[in-house]
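Note sheet for the following structure.
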Amino acid sequence: MSSFWKSNITLSVFGESHGAGIGIVIDNLPPGERIDTDEIRFFMSRRAPGQGSTSTPRKEADMPSIVSGVHNGYTTGTPLTAFIANTDTHSSDYSNISKLVRPGHADYTGAVRYNGFNDVRGGGHFSGRLTAPLVFAGSITGQILERRGIYTGAHIEQIHNIKDKRFDPMGVSREEIIKLRHKKFPVLNDKKTEVMIEDVNKAREAGDSLGGVIECIVTNVPAGIGSPVFEGLENSISQLVFGIPAIKGIEFGAGFGVAKMLGSQNNDEFYVDERGYVITKTNNHGGILGGISSGMPIVFRVAVKPTPSISKPQKTIDIKNMTNEELEIHGRHDPCIVPRAVPVVESAANIAVLSHMMNYPNFV
Amino acid sequence: MSSFWKSNITLSVFGESHGAGIGIVIDNLPPGERIDTDEIRFFMSRRAPGQGSTSTPRKEADMPSIVSGVHNGYTTGTPLTAFIANTDTHSSDYSNISKLVRPGHADYTGAVRYNGFNDVRGGGHFSGRLTAPLVFAGSITGQILERRGIYTGAHIEQIHNIKDKRFDPMGVSREEIIKLRHKKFPVLNDKKTEVMIEDVNKAREAGDSLGGVIECIVTNVPAGIGSPVFEGLENSISQLVFGIPAIKGIEFGAGFGVAKMLGSQNNDEFYVDERGYVITKTNNHGGILGGISSGMPIVFRVAVKPTPSISKPQKTIDIKNMTNEELEIHGRHDPCIVPRAVPVVESAANIAVLSHMMNYPNFV
Amino acid sequence: MSSFWKSNITLSVFGESHGAGIGIVIDNLPPGERIDTDEIRFFMSRRAPGQGSTSTPRKEADMPSIVSGVHNGYTTGTPLTAFIANTDTHSSDYSNISKLVRPGHADYTGAVRYNGFNDVRGGGHFSGRLTAPLVFAGSITGQILERRGIYTGAHIEQIHNIKDKRFDPMGVSREEIIKLRHKKFPVLNDKKTEVMIEDVNKAREAGDSLGGVIECIVTNVPAGIGSPVFEGLENSISQLVFGIPAIKGIEFGAGFGVAKMLGSQNNDEFYVDERGYVITKTNNHGGILGGISSGMPIVFRVAVKPTPSISKPQKTIDIKNMTNEELEIHGRHDPCIVPRAVPVVESAANIAVLSHMMNYPNFV
Amino acid sequence: MSSFWKSNITLSVFGESHGAGIGIVIDNLPPGERIDTDEIRFFMSRRAPGQGSTSTPRKEADMPSIVSGVHNGYTTGTPLTAFIANTDTHSSDYSNISKLVRPGHADYTGAVRYNGFNDVRGGGHFSGRLTAPLVFAGSITGQILERRGIYTGAHIEQIHNIKDKRFDPMGVSREEIIKLRHKKFPVLNDKKTEVMIEDVNKAREAGDSLGGVIECIVTNVPAGIGSPVFEGLENSISQLVFGIPAIKGIEFGAGFGVAKMLGSQNNDEFYVDERGYVITKTNNHGGILGGISSGMPIVFRVAVKPTPSISKPQKTIDIKNMTNEELEIHGRHDPCIVPRAVPVVESAANIAVLSHMMNYPNFV
């Protein structure tokens, strides 16, 4: 199901890569929220292709058309729908692919799931292009959160063997987050930019691709948001994050690092600070305990696999004739999807946090 | 909401650690499934406390009472409810804790979320004890899956700095899985058993605790199970897995390892084997592509944090008086929760896989 | 599915008439709500059998046991579970029924739905006894609503050919509602009590049964509660009301009477009263327009079919041998379920209204 | 929330009457279903305005554009989205209405619900125009059901004081249903056509409007579809039916007529017919017992209120200035919505039945 539901919000993502278009319906947003379309355009441009040597030269239209749910610049509270028409599609590039399932893609699993009736052109409904509506929703929800002081930022923590430094889990300022958003290649340590880009270019030239890690932080989420067991913040963020193709892992706070830690190292001690606020001295818990926000920054990291579309020849099967074949993928593909995935990860966080916040009487 | 949805399986976990009892309602299971209570008892005993030096000496009753949904030994199809009475509880052990929030626990976040009205004794609804109903559900769903040839196994991949070897992601036999289930300390490489146990004992003696990693495999899931975007297998497994307290990360297949891989390394090539089956040559995708099963084993790993209850003195706050205090936790606690969490992780996998399989006409 | 979900609340009803017991889990209630068990006992006694000649002489325990979710007399906010043990069950009364499907019951449809694996004793999960957990939930939610000034009342509007008068749809006082609740036979016009009871007794003596109509009113629901299209108050109330066995129709406000009306008769004109409140001059809309409360009383009526268990011989089939047979139902049955269904209908209204109110920031 | 659920079908209706357009996303339809667009066009034309003296002369585009989910004429299984652009809208007709709330409409309740931010032009998201996407979904689901032999028909049972005869609840042939669909004014007794139309015209000339009753039948639904308590067929059909503006009541089978019946009259006796099929001798239960289909036709009736937009002057309030005013509604409105609502009611039935059937292994 391409739908997600929470206590107070429903999303329906629709569309196929090479069909008429793609879009999203967001049901039950709070009414009366001002929508800044320049901000949406900017946010979406961060995910858009054609931005440099690390991404596909395909072009996308600037701005989705808002079909419903916004009136005179404010959310109405009724379903908000955005539609993005597909224009720059070259179906011919994918002609031989429809029989030869691409390794690392959902061509095979989608064909089995849908008895061969799904639209396979460009990945169809499984295309990375379907993250554009998610980013639209992430921009809308982010604007609502920012109006309440909540900011979400993300950066490339790793590409291949090159690592950026990590966020300070104790907090990142609004300014740092804004600055990061305006970087074409969002890393914290700018010295890593060129080495990472070179590494990506090297992979591209070799007809190959690279994966990486994205780190995300959400600041100023009030304590007490989320619910135990199946509806905690970790559950919701991960349910949304795995809606992004290519994500193969997620960890919160110290994440897999907890495996090597002693309890006395991993436990974050509480204290009341001079302002009377409750704080923890460290943030190994990533701002979430028992599924519920602690008031500390929410921090998580996701693993992004290398773009499965590579031009190197690969072995695969012809799904119609059930024969073993060789496949060469041509067409335009990102040698590394990580930079463009950064705002998508922020979007998943925004949607999850807003959907939980709407359960609380003090939201408005 | 202008959205409408129907459903196919529902779980409701209830209860508090020191209240009358805990339990679960599982709604809409397939009817006519034989329920083997010995199998449930065995499965639950793997999670039960009091099994050795690595776990708490607390005792739990052998078997939950099945209150509804099973008649003459078979599921009726109507809600299946299990209830586990709380017996061996020592509330006095927790008396001073109700004011002093325990680091690493949900005491503070729960208090904020519920305005101080939640039952904090022994962690209340946030207690690790609430995983017992999950394991009950995991046993029920596992029996249904095994009848269709689907087997789930899990082992301790890591405790502190000591690592077990990994499952062969290409497949593990039913016999290996069964054998693993009968190990008191489920590791693949038996040479690691003693070193791990020693390490845990050392932590216990130091009043400390240890974390680790659990690896889980589900074999023989047919290709084509799961749905794109928000309802894929990764989304559902992770939503359920984060219902287990102490889990801070999850990764599928090569997981975070994909960050360092080239696309040509990470892509799993397809081929048709001599029997005419579609197989991949490697299984970096962990049996899931586009949220949908590929027919290869589903493989995932979860990070388990060190038990937050340690007897070493810790700094924390008195939540009533908002003062900074020191806390010493007495009572009976696992120095390492990893071994007992193994069947809980299997349970999350079983529930997720069964709930998705029930969408398919060829299920029965 | 015996589960219902809304933006902010989940119910799971479980159990079978002749199994270990029945109960309910109510997830995500507001924390800190005082629970008055005397009030629950009183509310449930109104539905309990054995109250007079119009009802079955079967006995039920006084009070469900609250298993979780209430601590020191207040809701914790975590799942509230109630359990009612089955005690006074005579399975032998139903022995021949398991083969002969009872007309008007779910014996046949349940057997087909569950491939013959459902528990048929006393109706199993389809038994009217399953409304006891609903009434428990109705009492809990009603207490929360009453603390906010919202009162729900219901009465027998009709039994067979005898009609009570209707509520004044413009409003009923708290005192009238309380008075009605304390009537053993809740009608507005007390002169109808005896004639109705006589009519029921006549049916009972003839080995037959009677149906009727129940009218329900909810006062002081603030305007603006509910959502358009699929999640309006009418949608939710009716979804819950049809969870009560024997209900075959529901109408809001003027209901089926609208068919004969002109628009100018049916439209309720708005005006601002002397206090500055917005009121309608009439209440044909039953307090709901576009799925959303108008601030006028919510008024609806439900049709209750005659108890299908009658002692008159009936033709039916033997479902095992697929032969045509004759059936005589012995055992203890209500000749008219209408009086006992009154608090069940109130409960459905309470649950629906509370679940919608929890979406609003001004709830607490 | 300590509850977890999965899903099998989701609808999201979006749009406002005078915005860019309206539409629907239908998620998780079965793949490989042929979509007949002529059939959709025909089905939607039955709801379309401008068909005669009983309906508004407004025009609507012939056919929604299918944006996703259909490829080469077959459903893909991924979200099916339809979009209908708004063209023939005269916002000026509604200019003074934005302040003066229209009696019988959701203008007032919508304004309170959404703090005045909802789009009120032409009713906005509450407009009857939003039933067009529902009819689209009804046509799609109907085509899928008909391929399995399941046919849905509906007719005008009553307008004002004039009654058509009722369906034979024991069954209606496919031919009768098809014939009914092709009637411009769908009644069973053609002698009633002219009297009804005259009555509507009389109301229109008087600046008034009329209500009525629609009866719907679904034939050949196999026994065993639906689930107890909250997810029975009655629950789902009514939840969907109350998504149609103007519906104020629903009854199944004998409906409110059960109130006057004896149990021995209302109970439908079972028998095995000469073909070995299980049948009931009468169908007072409307094909549903315990929420589950019995194999007999599903029969229900809905009450439709008179169109609230009438040109007669009405008292109401100015919601901005909170003053009492008089309102005259001009513009183009149906004097009786009943004929156009017939396919909308069929659509609600189709969606409900298909969504339940998809739970069954023998569906395909």
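We call the chains A, B, C and D, going by the order they appear; numbering starts again at 1 in every chain.
By definition in this document, a contact is a pair of C-beta atoms (placed from the backbone, for glycine too) under 8 Å apart; a residue touches a chain by one contact, two chains touch by 3 or more.
Values in this document were obtained by computation on a predicted structure and should not be read as measured data.
**Student:** Once you count every C-beta pair in contact for both, which comes out on top, A-D or C-D?
**Tutor:** Here the pair linked by more C-beta pairs in contact is C-D.
**Student:** Report the chain whose CA-based centre is farthest from the CA-based centre of chain A.
**Tutor:** Chain centre farthest from chain A's centre: C.
**Student:** Distance from the CA centroid of chain A to that of chain D, rounded to the nearest Å?
**Tutor:** Chain A and chain D have C-alpha centres separated by 38 Å.
**Student:** Using the average of all C-alpha atoms in each chain as its centre, how far is it in Å between chain A and chain C?
**Tutor:** Taking the mean C-alpha position of each chain, the two centres sit 45 Å apart.
**Student:** If you average the Cα atoms of chain C and of chain D to get two centres, how far apart are those centres in Å?
**Tutor:** Comparing mean C-alpha positions, chain D is 26 Å from chain C.
**Student:** What positions in chain D touch 2 or more of the other chains?
**Tutor:** 1-5, 7, 10-14, 28, 78, 113, 125, 130, 227-228, 231, 236, 239-240, 243
**Student:** Show me the residue ranges of chain A that touch chain D in the complex, using the header's touch definition.
**Tutor:** Within the complex, chain A touches chain D at residues 1-3, 7, 10, 12-16, 19-23, 25, 27, 31-32, 65-69, 71, 74-81, 83, 113-119, 124-125, 227-231.
**Student:** Along chain A, where are the residues that touch chain C in the complex?
**Tutor:** Of all residues in chain A, those touching chain C are 7-8, 28, 78, 227-228, 359-364.
**Student:** Which residues of chain B touch chain D once you look at their complex with the stated criterion?
**Tutor:** It is residues 2-14, 28, 78, 125, 130, 227-228, 231, 236, 239-240, 243, 351, 355-356, 358-364 of chain B that touch chain D.
**Student:** Can you check the complex and tell me which residues of chain A touch chain B?
**Tutor:** Residues of chain A touching chain B: 1-5, 10-13, 25, 27-28, 78-79, 101, 103-106, 108-110, 112-113, 125-126, 130, 158-161, 203, 208-213, 223-230, 232, 234-236, 238-240, 242-243, 245, 247-272, 276, 278, 280-281, 284-286, 288-295, 303-310, 312, 314-317, 322-324.
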